[in-house]
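One structure is given here, and the rest of the page talks about it.
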Amino acid sequence: MDVKSLIAKRVAMELKDGDVVNLGIGLPTLVSNFLPEGVNITLQGENGMLGLGPVKAPGDEDYEVTNAGGFPIESLPGSCYFDSATSFAIIRGGHVDVTVLGALQVDAKGNIASWMVPGKKVPGMGGAMDLVVGAKKVIVAMEHTVKGEPKILEECTYPLTAVGVVKQIITEMGVMDITGEGIVLREIAAGCTVESVQSATGAKLIIPKNLKVMQVD
Amino acid sequence: MDVKSLIAKRVAMELKDGDVVNLGIGLPTLVSNFLPEGVNITLQGENGMLGLGPVKAPGDEDYEVTNAGGFPIESLPGSCYFDSATSFAIIRGGHVDVTVLGALQVDAKGNIASWMVPGKKVPGMGGAMDLVVGAKKVIVAMEHTVKGEPKILEECTYPLTAVGVVKQIITEMGVMDITGEGIVLREIAAGCTVESVQSATGAKLIIPKNLKVMQVD
Amino acid sequence: MNKLTTAEEAVKKVRDGDVLLVGGFLKGGSPETIIKALLETSSAKNLTVVSNDTGTTETNMIKVMQQGRVVKVLATYIGGNPVTGQMLIDDPESVILYPQGTLAEKIRCGGAGIAGFYTPVGVGTVVEKGKEKRVFEGREYLLETGLRGNVAFIKATIADKAGNCYMRGTSKNFNAIMARAADYVIAEARKIVEVGELDPELVTLPGIFVDALVQSEDVL
Amino acid sequence: MNKLTTAEEAVKKVRDGDVLLVGGFLKGGSPETIIKALLETSSAKNLTVVSNDTGTTETNMIKVMQQGRVVKVLATYIGGNPVTGQMLIDDPESVILYPQGTLAEKIRCGGAGIAGFYTPVGVGTVVEKGKEKRVFEGREYLLETGLRGNVAFIKATIADKAGNCYMRGTSKNFNAIMARAADYVIAEARKIVEVGELDPELVTLPGIFVDALVQSEDVL
């Protein structure tokens, strides 16, 4: 299994039956491919939909039913649609149980930077700021490092998406919870050592007595 | 023609083709019976509807399509429905052209008191405060006096519904515009004299040179 | 997720001291089956009722109030319910009246994560008492805050078993917004269908807002 | 009231210096027929464009911008339109980025007569710059103000001749809210029917908000 699928699969195990979930573009969209047996979730698209199905095959392009990336998708039974103000009333109002998104940086205080790299072209924050503030639980799903540099830091250096919102980080190296004391390494990937994870991390990891091996099967 | 129908008929002449109009309970609801030829208006019901038709006959009672008085009504072609927040977004946002309502008192500054009489049981303001603040034009349609006492005053004494919102008062005695200078008597009913109107009014009326006779035919 | 249950079971979620958001506009769209269950099978007291009008003499809320279980009311028009009228006379603090659009927007904001909003409605009236007044572009506005409830009672015309609700005509009223602003939402529906049978474009209220779904006895 | 006209006629309402509210979400529900008329038949300049994303390289707004007629942009995501990206680099004041829900709510408030609202989104980020911060029940919120435009361009799936619009699926997006917050609203519809032919329960946008209705060429 490739790294992205591995991360997505582990994220999927965090979801509960009945959860309303918003999946960010990229790696997070893979999560819906790995839902455990008996776990049915409702996907929310911030462009105005509940009950998103898979992306349609090219050629069957109906731009009146798209995901937040602008791609035409299937609509599942029980789905519905609404305008952008209503969509963000749902998001901001705390009616999305989990949002899963990537990040450029996450820090020990739960701060997240995910929308701009200083000096590079700025694409805009889209709905990310609303999603991370509004969702009941924010899971960052990303590769542990970028070009060998840590993305998990004591303090983010890039412009923030929001302050103190991230509850959990899931990477190919492990599962980390962000707590009042700092970042706790709950699970470690097979083949990693505490030392190897710590050296790939820019914040001091708290290692609990019951550190588990990350299971994805 | 009875007094209420006379007032309603004169109010109807103020409406323009295409106007979105909210009619208060009582006398104002009569206005839609007297629309001039070629004038089509859209009635708004603050309980969540555009395109109200007439009240249904007893026995055909569908409480899922009612007017703001709670009575089942017909729905006209081109009508639509919405929730209360959306209904008042329409009202507060200035998308109702004219609201016609009764009043307990109106004054020379355009203040209106229409929702409670001190010392009597208070029914609540319902949507009246929103309607008079939100509508582009507020017309008060009422009998000129109550038990011989003037309802048009220099200053309202009852608790206000809103400040400075009334543009026009139409009674069985005449048509009055509220201006920065005070209340201008634009039209006087046949059979009334300026003196008789003034003596039934608790505010100084401004009498323009071109005072007209109120026409309702 | 089949949310279907009975009104009796659903109203067990109502606790002493709860704030209840009760949909409907006079008789239109009033969740009478749920209110009847509250009346007959629940003993929850010290309740606050948020409602456009607290119903009429023909509806069930007046009977709950006659049991002395409602200690506070937030409403816009109470002319149809003399018990609420009497409460206001006996204790002016026990009945808070809001302009209808302000009450609707307070509830919408409560459900939308918005803490407060500035409305021009009520300026210069008793409604402004105790509220911050602020000028934007030369016009005065009042600060009103978001409002939420512990439990909402709402009525739909058709619902699917996942709780997606279609509210026909003017029955949307406060039903559609209150369901978004409560911790626990009980919906009664005149007709209940399987998931997938309701046209997605007719969904007034997404099923994610509904916790318990009950068959309406449609007593009105 | 038959509001049917041509896109060329309708865009004559756009004046130099106008604020344009342009519906759509990337390619979804983008009012391309109207934007194309603006591109080809209007000379209005010094325009401010309010749009979720200012479209993509495949849509028409980028061409209007290449004509140098857009001097300011308010948007949430501009990754699909490199001209907007370049504007931001050349003059950071010319492109204002908002969180998507904040932009949507600003527009809703602009249309709803609400002067401002308090949102928790953006607190602690660059978005809070210059904005009032206020604590409600222990949590920080930013004051955001309502936003209106001179002209709105929107797209519907079906409209009747009175302007009642049904916007299918996710094409509701900013179309449904922008039409409520502009002085003059131009709607294009893929299909236009007689008044009475559209199911009232499918009306996303009441016709009272629409000033001019044009047949969509549905160029996407």
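Letters are used for the chains, namely A, B, C and D, taken in the order the chains are written, and counting of residues starts over at 1 for each.
Here is the rule we go by: contacts are C-beta pairs under 8 Å (C-beta built on N, C-alpha and C of every residue); 3 or more make two chains touch, one makes a residue touch a chain.
Because the structure is a prediction, the values reported are computed rather than measured.
Chains making contact with chain B as well as with chain D: C. Between A-C and A-D, more C-beta contact pairs join the chains of A-D. Per-chain Cα centroids separate chain A from chain C by 35 Å. Centre-to-centre separation between chain A and chain B, using Cα means, comes to 55 Å. Averaged Cα coordinates give chain B a centre that lies 29 Å from the centre of chain C. Taken residue by residue, chain C touches two or more other chains at 105, 108, 112-114, 119-120, 168-169, 201, whereas all remaining positions touch fewer. Those residues of chain B in touch with two or more other chains are numbered 75, 81-82, 88-89, 91-92, 133-134.
A list of each chain pair in contact follows: A-C, A-D, B-C, B-D, C-D.
Against chain D, the residues of chain C that register as touching in their complex are 105, 109, 112-120, 134, 136-137, 139, 141, 145, 166, 168-169, 201-202. Note for the complex: chain D touches chain A at residues 25-29, 52-53, 56, 75-80, 85, 88-89, 97, 99-102, 104-105, 107-108, 119-127, 157, 168-177, 204, 220. The residues of chain B lying in touch with chain D in their complex are 17-18, 20, 40, 42, 50-51, 75, 77-82, 88-95, 133-134.
Contact residues of chain B toward chain C in the complex are 45-49, 62-66, 68-70, 75, 81-85, 87-89, 91-92, 111, 121-130, 133-134, 159-164.
If you check the complex, the residues on chain D that touch chain B are 1, 108, 110-114, 160, 162, 164, 180-181, 195-196, 198, 200-201, 203, 206-209.
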